[in-house]
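Heads up, the next two complexes both have chain A, just with different partners, chain B and then chain C.
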Partner chain A sequence: MSKDFLATVMIWLTALLISGFFLYLLTDMLIHGLDRLSWAYLLDAPLDAGRSGGIAPIVTATAILVLIAIIVAAPLGLATAVLLTEFTRQKSHFGRFVERSLDVLASVPSIIFGLFGNAFFCLFLGLGFSLLSGGLTLACMALPILIRSAVEGLRSAPDEYRLAAAALGMTRGAALLHLLLPTAAPALAAGLMLGIGRAGAETAALIFTSGYVDRMPESWFDSGRALSVHIYDLAMNVPGGDASAHAAALVLVLLLFTINSIAMGLTRRWQRGRIHSL
Partner chain B sequence: MKVSMDDTDKNSEAQQSYTLGPLQSGPHCCDPRPLISVTDLSLHYGAKTALENVSLDIYQGCITALIGPSGCGKTSFLSALNRLTDMLPGCHVSGRIRFNDLDVCDPDLDVRLLRRDIGMIFQKPVPFPLSVRRNIELPLREHGMRRQAEIDAVVQQVLQDVGLWDEVKDRLNSPAQALSGGQQQRLCIARALALQPKVLLMDEPCSALDPIASGVVEDLILRLQGRYTVVIVTHNLAQARRIANYAGFLWMRERTGRLIEFGQCRQIFEAPAHALTASYVNGERG
Partner chain C sequence: MIWSWHNILSLSRTDSILAALLRLCALLSAAIVILILLFLISESWPVLQHVPLSRFISDASWHPAQGLYNIAPMLGATLLSSLGAVLLATPLGIASALFCHYYAPTALAIWHRRTIALLAGIPSVVYGFWGLTTLAPLIGRLHPPGVSLLTGIVVLTMMILPTVALTVDAALAGVPAAYLRGAAALGLTRWSMINGVVLPAARSGIASGIMLAAVRAIGETMAILMVAGNVVQYPDSLFASVRTLTANIALEMAYAMGDHRAALFVTGLALLAMVLLLVGFAEFFKQDAAHV
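Our next item is the complex of A and B:
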């Protein structure tokens, strides 16, 4: 009884602590950044090293970076996860080796990815400091997370579905498409969100690959400055840039939050719809 | 299949919606033609031998019951018949299984067609996370049926066959997983029947159900007799005795499953040739 009580108190305390911390962050950003936030801020180019003006080119660059990263990493990640779960024996050396490597990769500091991206995409492939280099580097970073969550999602789909589908003479592909992937959809979406989060919040890897030019990018071969790089720059290198940094941070958090909610909503609606349609 | 009523049925009232039609052969006049012949079947999981030297014939149109204690390889045996063993990691099957002049163990065999002919029902009902209708429609479409009218007709037909139509006709589009356990199991049987299999393998189909639902499924299996060849695994000896024409008794010896005795159901239960069988069916062992 008293143990239960203690456990309840602890759980509530932890929950309060976590949400309190989140609220503190949010209020801090709101207090310091809200008065800089306006439509003009979103639609204008930065002036005076970002102290005034807006962040339009930066939001654009961020969007392009994340888009490239996801478009490259999502299909690759899903394909790898399917290969690992459905077409490789779980205990095979190959599967284990790949998974171990992914776990290591997922914990590699982003600055290392930055150096790798710089050496490989910028120099070796000759893409230079560009959104493309940055996006591809982000894809490399997001890939382990995407694969991990997709693998977990597919593994959590009950084996009975695989057996029952096979017993009905359905191919593995059909079972995957109609039963396993839909079951894993929330995990896939969550992984995608984590990936977008990691890509969208990345700083170190981008400084070496997409650069920090704050002009409006005209193509993906242009250099561009991501939001997080902008925040970093304002906070560390630009005296008097604090308010702008807070506003930019607010925009970043709101963006991630919005994407997250939309993705969750879409997944849920899609899952509900699936019950009726093939 | 035409609509018909069998007046001699115990509870003909409850079965008004059954459309299986008259049974082609009864319990005692089965055509004793072996549809599946198993010879010297051994089955291994890695280094572990689950089954050794099992040989038996499954007779067309009859219900064959497999009984035996837990872990003696009944599920493994069923899985070998429709090559579901391919899906189990480390599982290796040797021996000969012939189904209708087809070599089941042939690596080049199209298992999709084999499994279409040999359906399987699992111990725990496995409704897919789709609507009732889509549960039946999905495998049909996978096997190339495209016309919606045709599909709808089959859906209704098989749901009537398993006596589920009246219960679900208003909720065909609601999730199958919201059905009761017994309804789910009958849906799974309907799903298998939709593919017009010749053989149904049933792995303890009633063990997850309450006695009433279990009785309904049992009646259903009895009605399948003659039209389909049924192999059923059951721990319920009384049930095996009630419904089966043939029975096989599997037992663990030296940690390996073996077929101890196989024969007419009545003989196995009333005059077993083997002492082990006798003590098992009399509840003294197992």
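Our next item is the complex of A and C:
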């Protein structure tokens, strides 16, 4: 048997293994999760520490957390990306400093964000265990993703647009608003979706910032339990919570798959658009 | 002299205001990482003041309530589980990327990439839950209790596999087509071309991908917390329960006070130091790649 043939077999087997595992994971989750999943499960409050009842307050808290994170991180990220691409030279010290620190931020483990969020937002700023603390912590985590995709989108806008705008005497602000941002829009949207996906999947950073309380949150100063924290709590601390946890895991994964698929679709459309315009 | 104040080389007044605003935002974004470092240091300061760093690896045990702060077993568990996961995920990830580039028909490659991207989007708590309910009982049948270093390594491998596969995929895409044509012209078999031309040319990109995967493995909390058993000890076999640094923080932060809390922030600092070191290496390899 030749080496070439052996390598071919091994590589096909690996690919098969990965797809097989993916299908196994997915069917396993569907089979266990569909048992409990129903409209009532989505619309009811949890009872008996989550063993029965539903997840309505938890889904609400998750949505508020992600919303706060995106409302804070999106403008900040867009502004940073615009500065990096349109207002600084790529080699400038300031631009390099910003990019380098964002690279580091992107690789900080989520539990460290949890420690930081607890020390800074909860205690130092006095926000306590609240959706606001959790959302702001998530904003810090999502920021590098938002900036990276926005930078990519803006850098791929053709330079002719900038030259033409300058030749027409447009201010850079006007060029941005009317030309560059619309051109980069699909990339910005894709980045936004990725950011939402990252924020929605997070657990470790939320345990010590937004807390455990599973009541319906009444304001953003209330503590609230994210869907991922709910799964963790049911699996580890609540005996007999597995059935509910399976259903919650299925809901979370389906939500994230939808969001990630939208992000991938937008990226594909954006790349195709670029090829046409060239 | 109308043209002297309508100069496109310098910014108009509205643009200067906009630039200043943007600069402020960028400064804020860049400051977050510094803020994180500052707060980790200031929160761990109370214990660092009267406990020398050496005691964090020389104390008798980890009993912060009694003033004993030995984190070495947990450091060992973090390093062992990450090393195991990286050793398993690297060949699998490289094979998966090679499959997409040189083996699969185009349509299949697209589907395989999509699968990997979706796997990357599954949250760690779901992997942990799956490991706890499906994998741990399986391994427990082999050797109880099931929640063990091995379970942790397997779950971590699945989690970092997409990172390796996607970065290696990008590195392979960067190999110049001329190299491939040269290899084809020499009549090399597919595997000789991959082994002799493609992998060496993509070496730096692959190395930086492995570093980034190691960063993820070291920093992973939820999955390993749910499947590794969380006993503070040096593992004597693959089936022993272990507690990693990250799991320790997640388990004890809820009730830690005073010096105990500060000691947890010290472990956070240790974790961050390891991650920064690895990111530095990854950056180094990436720059190396730029010179090829």
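The rule is simple: the second predicted complex is superposed on the first by the 232 of 278 C-alpha atoms of A that agree within 3 Å, B and C clash if a C-alpha of one lies under 4 Å from a C-alpha of the other, contacts with A are read in each partner's own complex, and residues count from 1 in each chain.
Quick note on the criterion: a contact is a pair of C-beta atoms (placed from the backbone, for glycine too) under 8 Å apart; a residue touches a chain by one contact, two chains touch by 3 or more.
Not measured: the values here are computed from a predicted model.
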| item | value |
| --- | --- |
| Partner chain in contact with A:Glu160 - chain B first, chain C second, else both or neither | first |
| Partner chain in contact with A:Tyr41 - chain B first, chain C second, else both or neither | neither |
| Touched partner set for A:Met236, first chain B, second chain C, both or neither | second |
| In the superposition, chain B vs chain C on chain A residues touched | C |
| Partner chain in contact with A:Thr171 - chain B first, chain C second, else both or neither | both |
| Partner chain(s) touched by A:Lys91 [first = chain B, second = chain C, both, neither] | first |
| Touched partner set for A:Leu179, first chain B, second chain C, both or neither | first |
| Which of chain B and chain C A:Trp220 touches, first, second, both or neither | neither |
| Shared contact residues on chain A - chain B and chain C | 166, 169, 171 |
| For the chain A and chain C complex, residues of the former touching the latter | 2-4, 6-8, 10-12, 14-15, 17-19, 21-22, 25, 28-29, 32, 75-77, 79-80, 82-84, 87, 94, 97-98, 101-105, 107-116, 118-120, 124, 140, 143, 147, 166, 169, 171-173, 197, 200-204, 207-208, 228-229, 231-232, 235-236, 242, 245-246, 249, 252-253, 256-257, 259-261, 264 |
| In the complex with chain A, residue positions of chain B that touch it | 82, 84, 86-87, 89, 111-116, 119-120, 122, 124, 126, 128-131, 134, 137-139, 141-143, 173-175, 188, 191-192, 195 |
| Touching residues on chain C, where the partner in the complex is chain A | 6, 8, 11-12, 14-15, 18-19, 21-23, 25-36, 39-40, 42-43, 91-92, 95-96, 98-99, 103-104, 112, 114-119, 121-126, 128-130, 132-134, 158, 161, 165, 189-192, 194-195, 212, 215, 218-222, 225-226, 246, 249-250, 253-254, 264-265, 268, 271-272, 275-276, 278-279, 283 |
| Residues of chain A defined as touching chain B within the complex | 89-91, 158, 160-171, 174, 178-179, 182-183, 274-278 |
